[in-house]
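Below are structures written as structure tokens.
Next come two complexes built around subunit A: one with subunit B, the other with subunit C.
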Partner chain A sequence: MKLTLPLGLLTLIGIHLLFLFCGYIAPYDEAQQDRMAAFAPPTKVHLARSYPYIYVCAWNAHETDSGYDEDCSQKFAVHLFVNGGDSHLFGVASPGRISLFGTDGLGRDQFSRFLFGARLSLFAGILATFLALLLGTLIGMTAGFYGSFVDSTLMRFAELFLALPWIYLLLAVRAFLPLHLSPIQTFFLLVVIIGAIGWARPARLVRGIVLSGKERNFVLAAKNLGASNGYILRRHILPQVYGVVLAQAALLVPQYVLAEITLSFLGLGVGEPAASLGNLLGELQQYHVISSYWWMFLPGIALLLIFFSYFVMANALQRRLKFIAV
Partner chain B sequence: MRFLLNRLIHAIFLLFGVSLLSFLLLSLAPGDYLSEMQLNPQISPETVAALRHQYNLDRPIPVRYSHWVAAAVKGDLGFSFAYNVPVTKLLSSRILNTLLLTIPATILAWIIAIAVGVISAAKQGRWEDQVASAGTTTLLITPDILIALVFLWVALRSGYFPVGGMVSVGFDELTATQKLRDITLHAAIPITILVLSIIPVLIRHVRATMIEALHSPFVRAARAHGIPRSRLLLRHVFPAAANPLVSLFGLSIANLLGVGLITEVVMSWPGMGPLLLESVQARDLYVVIGAILISAFVLQTGIFVSDLLLLACDPRIRKGAR
Partner chain C sequence: MFRITWVRHVFILAVLAAAQSLWAADAAQPVRPGEDVAVSTAESGKFGGRLSIALRSEPKTFNPVTLVDGSSREITGRLHADLLHINRASQQTEPALAKSWKVSKDGLTYTVALRHGIRFSDGVPFDADDVVFSFQVYLDEKVHSPQRDLLVVNDKPIVVKKLDQYTVAFQLAQPYAAAERLFDNIAILPKHLLAKAYEQGKIGESWNISAHPAEMAGLGPFRLKEYLPGQRVTLERNPYYWKTNKEKKRLPYLDEMTFLFVPSEDAQIIRFQSGDTDVISRISADNFALLERDQQSRGLHMVDLGPGLEFNFLFFNLNSVVPKSANTLAAKQQVFRQVAFRQAVSAAIDRDAIIKLVYRGRGTALVTQVTPANKLWRNDKIVLQKRSVDRAKDILRRANFTWKPDGTLLSPSGSPVEFTILSSASNAQRTQMATIIQQDLKDIGITVQVVPMEFRALLDRVFQSHDYEAAVLALGGGDVDPNPQMNVWVEDGSNHMWDLGETKPATPWEAEIDSLMKKQLSTLKVADRKKLYDRVQQLVADNLPLICLASPNILVGAKNKVGNFNPSILDPYVLWNSEELFIR
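== the complex of A and B ==
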């Protein structure tokens, strides 16, 4: 039990490094198409005595369910640390293609697209969390510390943001902004939208802590010794808030990643050809894709592992927090 | 009564604020439904200008807002550009379809959540509890989108359930019982998705409050009096634990509406979700505002109802309220 927190943290850091270096780890670019291999199932990796190799899959209609058959006459070895043009962690010599998660309708490698998409979605979620917590902490601290008129105004304003179901609010703010933008613009737009509507809940939490925190004896003592408001906020109030903010972060990141996924899934987020987890799942909305190509679910299943690590982390942080409070 | 009145006034102010905020945001947005029309060479600029004048789009925002509020109080939420019908008419048919999913899903989810939560609290740490908590954890980390997609796959693959829409082709020729059967079959999968998406939070709360109540001294006293365990759980512990759950009921509506939107889009259910999505894409200003306002209204109603329930089942609040 003691190890949950460090282990969870290590796992999370590992996952994020994986996505941060997705350009190196992914065997192909996210937009690289191969129209001859649309909806190809995941490539089978065969183990030989000396090295793992794959068979290239040749188009062979009506033979199998997927329409693809392995052509066993040619063998392509899987090389590690490829250095040709740009370097990749692994790859095979062309015309062989290795696609661990299969390919999509344009023959793009799903595994590469998953890595690139997860990078976009995760970092959008993390940046949005950062923004929301920054705003929430500032507003919450202001409201809690100055009290009276400032407090009631800010909190009434926060209630407006809490009075709407979350997705509706997201759509409302999205509706206000231009629909067709470049992927980079959309990325930052999404971060700002999600962060700007997410501040209300952390602000209320922080306010509650500051309300009780400013009455503690050491704060009162500092005040009577003539400390300025800025000094008290920075040195005495802020440290009391850290724990809750950190625990909130572990809760909010998956939620905001999900917000990005939802918007892209509904076609209001990052557009083609850039990959996002929402785009990848969005393809499953077509009935023929979802019913025929099971490997299109693989990004979603991989997503579960990411969310599970965050869940474990949030739980461990909250338990630690309770322990400190007692 | 003061308590309820306060909450009511608060809710009305909140709705007013939401309307102001959404109106401001959407009016400031670059481009509107008519600006798409300007690109069409077959429509003369004069026509567009006339339409703009007709819909008051050429007036300043405060004037438009005051016009809109004056009409909204009378129950007229404006006019849909894309559908060419009053927003109220458009929304009222869609909200009914949405409620057709959300109300049964809420009832079902609470029944299951209370049963599972009470059992796992009573058997805390035993295998029943562990199975339940493994299940809730799995559901909790699974995004609603993925749950919806998995059930779409199940529906498509099994072939038992019709996919897409609310009724089959030739619905009008069916008899009343057949109609009921048809809608139930269409609604079964969306309702399942909704229940599974909202249930983990409910189960965890029921379990936590039940465990807290089980540890209070009056339970030990009751047990010492020889009250049987099942009666103890249902008659003594559960009412004591009900309080936070009633508050949760109101808040769970928000979650439900969100999940409902995704479910409706994935299953092509003709509810509020797809309508809102379409109107956001088409910049159908008044429909977006109407849909947002109605979602806020539903949420506030949920919170109000849970306040009423709280008042009914907790004498402490009644006393305080007087």
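== the complex of A and C ==
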């Protein structure tokens, strides 16, 4: 039990490092098309005694189930640490192509797209969480600590934001912006919007803790000894809030990643050819993709594992928190 | 006691008699002597049964005069008939409500003899008054019928005169090529039902979707039975229809035809797979492959009809009046207006990849607006050159374009060349096309952004605000003849989408296309028209106002049990012979 937290943390850090260095780990660029291999299934990696290798796949117009045959005349060894133009963790010599997650309708490597897409979606989620928690903590602490008029004004505001139908708000914001935004601009737009709407819930949580925390004896003692409000907030109240904020973070990140996915799924997120998890899962809206190409689900399954790690973390944090409180 | 039973018996008998008479009214009427029926040459089938088909959206109206949407057309097309009809299989005109027609030597007068003794679906006889009334309605400017444009030749409407009860004369202001094709899809209206509404100026509002079926009648194979909003439209047999099978039995074979509203293509595929619908059309190659794979086990018959008349194209905004808000557009247009630039873009596009990736091989690469399906009008001398990045770069170099060291293309004035392509978000195929073009043009140093947007918003930008840089769209052909495309190619045409609302051609080649199209319209000899239209195609291929990309094959399917299933590459692909369809 004691190991859950460090293990979960290590897993998450590992996953995020993987995505952070996706340019190196992914064998191909996210937009690179191989027009001879649309909807090709995951490349089979064969194992010889000393090295793994693959074969080139050729389209056979649905004579086999997948529609692709392996051309066994030539082996292409899978090399580690390749250095051709760009360096990559692994790769095969051209015309061989290794796609661990198969390819999409334009012959783009799904594995590379998954890594690039996950980087964008996860970091959008993390940044949005950071923004929402920063705003939420500030506003919640102010409201809880000063009370009375400040409290009721800020909390009515928070309720207003909680009641806001954010998808419609996003649609409206998107309509005001120029036709085309670069992926970077869209990324920050998503972060700002999701973060700016999401502060209300953490603010209410923090406010509750501050309300009870400011009545504690050591806080009252500090006050009577003449500590300034800023000092008390920083030195005595903030540490009480940390635990809740951290547990919230572990909960909010997957939630906000999901928000990005929803938006891209609706076509409001990052535009083609950039990948995001929402774009990748959006392909599954088409019936023929769902029914014919099972590998298109792989990003979704991988996502499930990431979310699972986050929830394990949140759980462990909460447990730790209770322990401290007791 | 006895009395009550007796009364009950009489009552039951009366109900039975009423039912009998109702049934008799619905059953096909025997052919009366003197009735000029048409005889179908198709295989004789079995009478009875019901055919279901899915529609993407609900009809907006049942009024054939004012309808503009596809769903309404699909339904009303079964309810009404025209004088002369384009046979979807042979692509030739054939007599429909007209028994025969004669063209005067100067090509200005069409004398049409109508069928004798035929009736509307409510049993009222049809004659020349209905024809004259119908054309009066279509030609009335206040009615705003979309068909009016076709019936106005050189700003003068066709004059329609009744010669006797079964003969009508049509007078044209100037010779009009293939004028008999104009009559296709002009539904003949029942004067006895609509004359009053027309006099009151309410013809536009009559026969809307809330109208009662008893208020409507037509000369088509079916008549409206019920409309359940959100669910379906049911048509029933027109017992007075004017076509019979070879055994002199009155068509149609089907008792009923049901249109279900299924909003997405994917849902339509699922309904078709599960057996809820009997025929399907307008499907993508991906879904076609899906259905083809298990056609054996599910008893389906999937048909790839080969190339259709639809052509997809990329075009640039060449409008002379553009919104001030689009501040960079005017500068970019200086590049778009260069023929060399458009030629280079065309040379750099990998059309074969579009066919392979978007249509899974079920399509044809295009060089002009005329697809290979249109054997009669296609200019075979124009050959599509293979994609060549070198050729594209060569064209650009000669037009004083340069490249930055990092490969970015610079216009002659020194600014980087980049633009945004709009595509319809609901059309995955066209967005995919735009993504392929994006990747292709990267090879010659052009940065392209693809912006999928809601279709109506896209049309609004192209046709109203002119606030766009480039777009991918498609035009379908209802007919092989060039005339329906007049509005695309003449300068002031409503579909002249790269430069709208102009009356004076901006360039010599646009002036030439304009005059060629007008000239072919009044040329009667087919060979001469072909020469003129060949030149139009050459001009389009050289100057690329529309950069034609690809044409998808027409992909349709039906259950094996549907008889006389004879799909056509012309719209409506599967229901054009609905009177001959039957369930085995």
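Everything that follows uses one rule, which is that the second predicted complex is superposed on the first by the 308 of 326 C-alpha atoms of A that agree within 3 Å, B and C clash if a C-alpha of one lies under 4 Å from a C-alpha of the other, contacts with A are read in each partner's own complex, and residues count from 1 in each chain.
Just so we're on the same page, contacts are C-beta pairs under 8 Å (C-beta built on N, C-alpha and C of every residue); 3 or more make two chains touch, one makes a residue touch a chain.
Keep in mind that what you see is a predicted model, and the values were worked out from it rather than measured.
Of the two partners subunit B and subunit C, more subunit A residues are in touch with B.
By the touch criterion defined above, A:173 lies against subunit B but remains apart from subunit C after alignment on the C-alpha atoms of chain A. Using the contact criterion defined above for the overlaid structures, shared-chain residue A:159 touches subunit B, although it does not reach subunit C. In the superposed model, A:262 makes contact with subunit B only, not with subunit C.
When the shared chain is aligned, subunit B comes close enough to touch A:307, but subunit C does not.
By the touch criterion defined above, A:271 lies against subunit C but remains apart from subunit B after alignment on the C-alpha atoms of chain A.
Of the two partner chains placed by the overlay, neither subunit B nor subunit C lies in contact with A:13. Contacts of A:184 after superposition: neither subunit B nor subunit C is touched.
In the superposed pair of complexes, A:291 makes contact with subunit B and with subunit C alike. Once the two complexes are overlaid on chain A, the subunit A residues touched by subunit B in the first and by subunit C in the second are 179, 267, 285, 287, 291. Here subunit A touches subunit B in the complex through residues 156, 159-160, 163-169, 171-179, 254, 258, 261-262, 265-268, 278, 281, 284-285, 287, 290-291, 297, 300, 303-304, 307-308, 311, going by the rule given at the top. Taken in their complex, subunit B has these residues touching subunit A: 14-15, 17-18, 21-22, 25-26, 28-31, 137, 140-143, 145-146, 149-150, 152-153, 156-157, 163, 253-255, 257-258, 261-262, 265-266, 276-277, 279-281, 283, 288, 291-292, 295-296, 299-300.
Subunit A makes touch with subunit C in their complex at residues 31, 33, 35, 38, 61-62, 105-107, 179-180, 267, 271-273, 285-289, 291-292. Of all residues in subunit C, only 265-267, 269-270, 284, 286-287, 289-290, 293, 350, 353, 356-357, 360-361, 420, 422, 425, 428, 431-432, 435-436, 438-439, 449-453, 468 touch subunit A in the complex they form.
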